[in-house]
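These are the structures, in structure tokens.
Consider the two complexes below, in which chain A is the common component and chain B and chain C are the respective partners.
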Partner chain A sequence: MKFKNLLIPIAISVVLPLVIRSEYWFYILTLASVFSILALGLNIVMGLCGQISLGHAAFWGIGAYTSGILLVKLQVPFIVALVAGGIMSAVFGVLLGIPSLKVRNVYLAITTIGFNFIVNAVMNNWITLTGGPDGLPNIPPPSFGPLTFRTMVGKYAVIVTILLLFVWGFSRFKDSRVGRALQAIKDDELAASHSGINVHYYKVLAFTMSAFVTGVGGALYASFIEYISPDTFAFASSPVLLSMLLVGGIGSTWGPVIGAFLLEILSEGLRFLRDYYMAIYGLLVVIMALRMPQGLAGLFSMLGEKIRASMRQHRKAPAGKEV
Partner chain B sequence: MATILETKDLTKRFGGLTALDHVTIKIEEGEIRGLIGPNGSGKSTFINCVTGHYLDTTGDIIFRGEQINRCKAHVRTSLGMARTFQASRLFEEMTVKQNVVVGTHYRTKTGVFGGIFGGKAVQNEERTVFAEAEKWLDFVGYEGTGDELAGSLAHGPRRLVEIARALASQPQFIMLDEPAAGMNPSEKVALMDIIRRIRDLGITVLLIEHDMKLVMNVCDKISVLNFGAKIAEGTPEQVQNDPQVIEAYLGEVTTNA
Partner chain C sequence: MDLAIFVQLLIGGIAMGIIYGLIGFGINLIFNATSGVNFAQGALVMLGAYMSVTFTNFIKLPLFLSAICAVAVMAVIGALFGFFVYEPVRAEKSHRFLLAAVAVSIFLTEVIQLIWGKLPYVVPRFIKKSSVRAGTLVFDTQNLCIIGVAVVCLFLIHLLLNKTQLGLMMRAVGQSKEVSSLMGIPVRWIVRITFACSTMMATVAGVVAGPIFFVSPLLADLSVKGFASGIIGGFGPRVFATIIGGIILGLVETFGAFFLSSSYRDAWGFIFLICMLLISPYGLVGEKRAQKV
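And now, the complex of A and B:
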């Protein structure tokens, strides 16, 4: 991705706080940005490399707890906690990546679910470290040196900046040598290995990178909400990340961002439905999965392609008359 | 002439079935070797054993003087062998050019950080590999921009792209598994030319093919498998006149011709 392709998203990110005055909606948008990072992480292992993970809430949690504990108990600088959250999560990514070499498809899905349950059990029961079911309160907001981002706008700025950096990095990575190797593994593992790609190495690498990004998202989440508890990172949250990815467009650069914003806004907008809310929400996800396997990002790029094609025809038509 | 590939008593069993039975084959550098045999005679299994798809073989596989029995598939590719598949296996959701570029993977260097943050060396490498991909697509006579998705291609072009991808790894030895399957007569003529030009590059070719006319025309030497065992070997004339081969396989073809 060229830098100029990021100008419009940057412009939107800058304008939004000027347009939206409601503190509540601002909170929703910031939360959606955090979810975008979490889903973008999942996109590396699932969208690029084709390895299913139904346990990504665990990486989210590992990032959040690592960062939260370091900030609360050791008072490390925010940037150190942020990176540590990503690295700790990446270490567990390696651990989950190794079984991925032996099992595939549904069996891999079950393995990742099991991983999520184990991590969640540790969060609930290692009370001296995590605070147990009561959670970990008083996590300080993001800060860089003397600058502390206490306000909603400040947190939004930090989180959106990091999101845009990750989106840029992802798009660059996707079209690089290693990114192509991951996509080759997704399309045809056998052909990839016979083309000289070390499939085992790159699968573990995909899990590691994926866990790192989601872990950083978790660290941001902790400093954004300023309080974390184990139930947020329970298995039930993993399919939420997955549905964001599927609705937005798996494998595409903007897919997870579109999906996270849509589903986050939708889940707030549908609250008036009360008891029916989850049913309608679920139905929408099912319809999207069935009717739009490429997700919204795929739909947008298809529409864009059509518009460009019709514009080309428009230009050609007068020239045709002259002949 | 040096030997590029040698198998000694190569044996592969699937449960009770012996798919390859003590196959000893020696292929010299620079030749075009045909591997023929009736359906189920073990031709593709032979390639799968040589390329490392199956690692539970007995006997020896010696490639360029090195014993490679236990090497994994990607390592064997890096040692200088490449292959295509009986049912073409392209990376469907990638473009044609990207497919071919994947073939350059093991001899290029860019890592994760290089890929993200770029830099002169990375840009140069990208430019080089895409230029190479275009060169190989031209070499096999692929018509198209190369920007279309591989999944959208018809049979004939798919075969060509697969060959281009295999060539992109700059192999010393290439194994083509029924490359003419699904090709029309004019595409087959072009294929014969491609195979000869591959040899002219100094690459040894092992060709599995059912189209006898193509095999007899293009191969220097032919090995014949039947029920997993090698039953004959020699020049096309020798093989065509071998009574065992005629009985096993070629009988119908020669009477038709």
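And now, the complex of A and C:
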């Protein structure tokens, strides 16, 4: 993606604070940005490399706990905790990547679920480190040097900036040599390995990078909510991340962002339906999964193509008449 | 170690494992017929359990009759599930069905909470007397019932698969859809029937697990254990391997919880699973086909 394509999203995210005054909606938007980062992380391993992961809530949790514990118990600077959250998560990404070399499909899906359960059990039971089921309270908000982003708008600014950086990075990465190698593995592993792609190396790399991004998302989540508990990172959260990716569009750059924002805003917008909203949300995801495999991002790019094609015809038509 | 405790743990582990195994069995039936992975099996287990609660607690049918009714209703629902969720994506990569099934399980979990509420239901035990004694040994009657019911169900499904024309057709479709349809087998109907059978097994698991776990949305978590047992046993045409896998998983969990730490109960099974996958990536008797996408 060229830099100019990022200008519209940047403009939107700058204008939003001027239009929206409600603290509550800022909370929703910031949360949606965090989820966008998490879904973007999942997109690397599922969208680019085609490996199923149903345990990404574990990476989210590892990032959040690493950063939270460092901030609360060791009072390290925010930026250190943020990077440490990503790195710790990436280390576990390598660990989960190694079985992915041997097992595939259902077997991989269940291995990742198992990983999620194991990580969650540790969070619940290593009470001296994690605080156990009570969680870890009083995590300080994001800060850089003397600057502390205590308000909702400040947190929004930090998180959206990091989100846009990641989106830009992802779009660059997608069409890089490594990104294309991952997509080749997704299309056909055998063909990829015969084209000289080191499948083992790239699969582990995909898991590692995916875990890093999701871990950073987790660290941001910890500093944003200022409190974390093991329930958030239980296995039940993994399908939620997956459904965001699914609705937005697997493999596309903006897909995870669109999905996360849509589902987050929708789940707030449908609150007037009270108990029914989660069911409607679920139904929507089912329809998307069955009818629109490319997700909303695919729909948008298809519409864009059509508009461009009709514009081209429009331009040609008068010229034809003159002749 | 005391023999009595050992035997009790053994029976408890086997009973628990059989529940896992029954769920895995249903998943494997569908996997064989469609090479699709049904992640909504847990939601179907839950729905089956709620159906039987409806028949016992609201319509006030006797326990046995309500279980039969629940299984019958769920068979229809299972076939409809196959029709609405599997068939639209059947021509595509198995990936798509997996994602659709994940979405359906989110949807069903919510719908169930809307209809039946969030509070758990208490289901009566199959036998009023809670334990029987044999010398120094004490057995939980519910565990014995689970084992009994499972043996009967598995025997029936064995008869269906191996002694009837329908079973022959189901196995044929599992081997090759093209050739089956050339032989005049109505493949789409057979797949629907397979979905119905799989859902019936899920319902049986939900009904027998009801008195132990209570009937609540948490029952859906059992599906993960069902998958794990399928993987330990190995997916493939040897359908009964999943039951063995389930029993191994149940025993590992029960003994792990007793000897090592009960708070890591869920984790022991998965640690065992991952270690086993690293040694033998296809489970005990799994087919290599499972690896193809």
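In the analysis below, the second predicted complex is superposed on the first by the 323 of 323 C-alpha atoms of A that agree within 3 Å, B and C clash if a C-alpha of one lies under 4 Å from a C-alpha of the other, contacts with A are read in each partner's own complex, and residues count from 1 in each chain.
Everything below uses one rule, namely that contacts are C-beta pairs under 8 Å (C-beta built on N, C-alpha and C of every residue); 3 or more make two chains touch, one makes a residue touch a chain.
The structure presented is a predicted model; accordingly, all values stated were derived computationally and were not measured.
Applying the stated contact rule after C-alpha superposition, one finds that A:M278 touches chain C and leaves chain B untouched. Considering which of chain B and chain C touches more of chain A, the answer is C. Contacts of A:G114 after superposition on the shared chain: chain C is touched, whereas chain B is not.
In the superposition on chain A, A:L129 makes contact with neither chain B nor chain C. When the two complexes are overlaid on their common chain A, residue A:M288 makes contact with chain C while staying clear of chain B.
Using the contact criterion defined above for the overlaid structures, shared-chain residue A:V106 touches chain C, although it does not reach chain B.
Using the contact criterion defined above for the overlaid structures, shared-chain residue A:N198 touches chain B, although it does not reach chain C. Common to the chain B-facing and chain C-facing surfaces of chain A is no residue whatsoever. On the chain A side of its complex with chain C, the touching residues are 50, 52, 54, 99, 102-107, 109-111, 113-115, 117-118, 120-122, 124-125, 235, 239-240, 242-243, 246, 275-276, 278-279, 281-283, 285-286, 288-291, 293. Contacts from chain C toward chain A in the complex involve residues 31, 37, 39, 85, 88-89, 92, 94-96, 98-100, 102-111, 113-114, 221, 224, 227-228, 230-231, 235, 261, 263-264, 266-267, 269-271, 273-274, 277-278, 281-282, 290-293. Residues 51, 53, 72-74, 77-78, 82-83, 85, 89-94, 98, 101-103, 105-112, 114-118, 122, 125-126, 129, 165-166, 169 of chain B are the ones touching chain A in the complex. For chain A in complex with chain B, the residues that touch the partner chain are 169, 172-173, 176-181, 183-184, 186-188, 190-199, 205, 209, 251.
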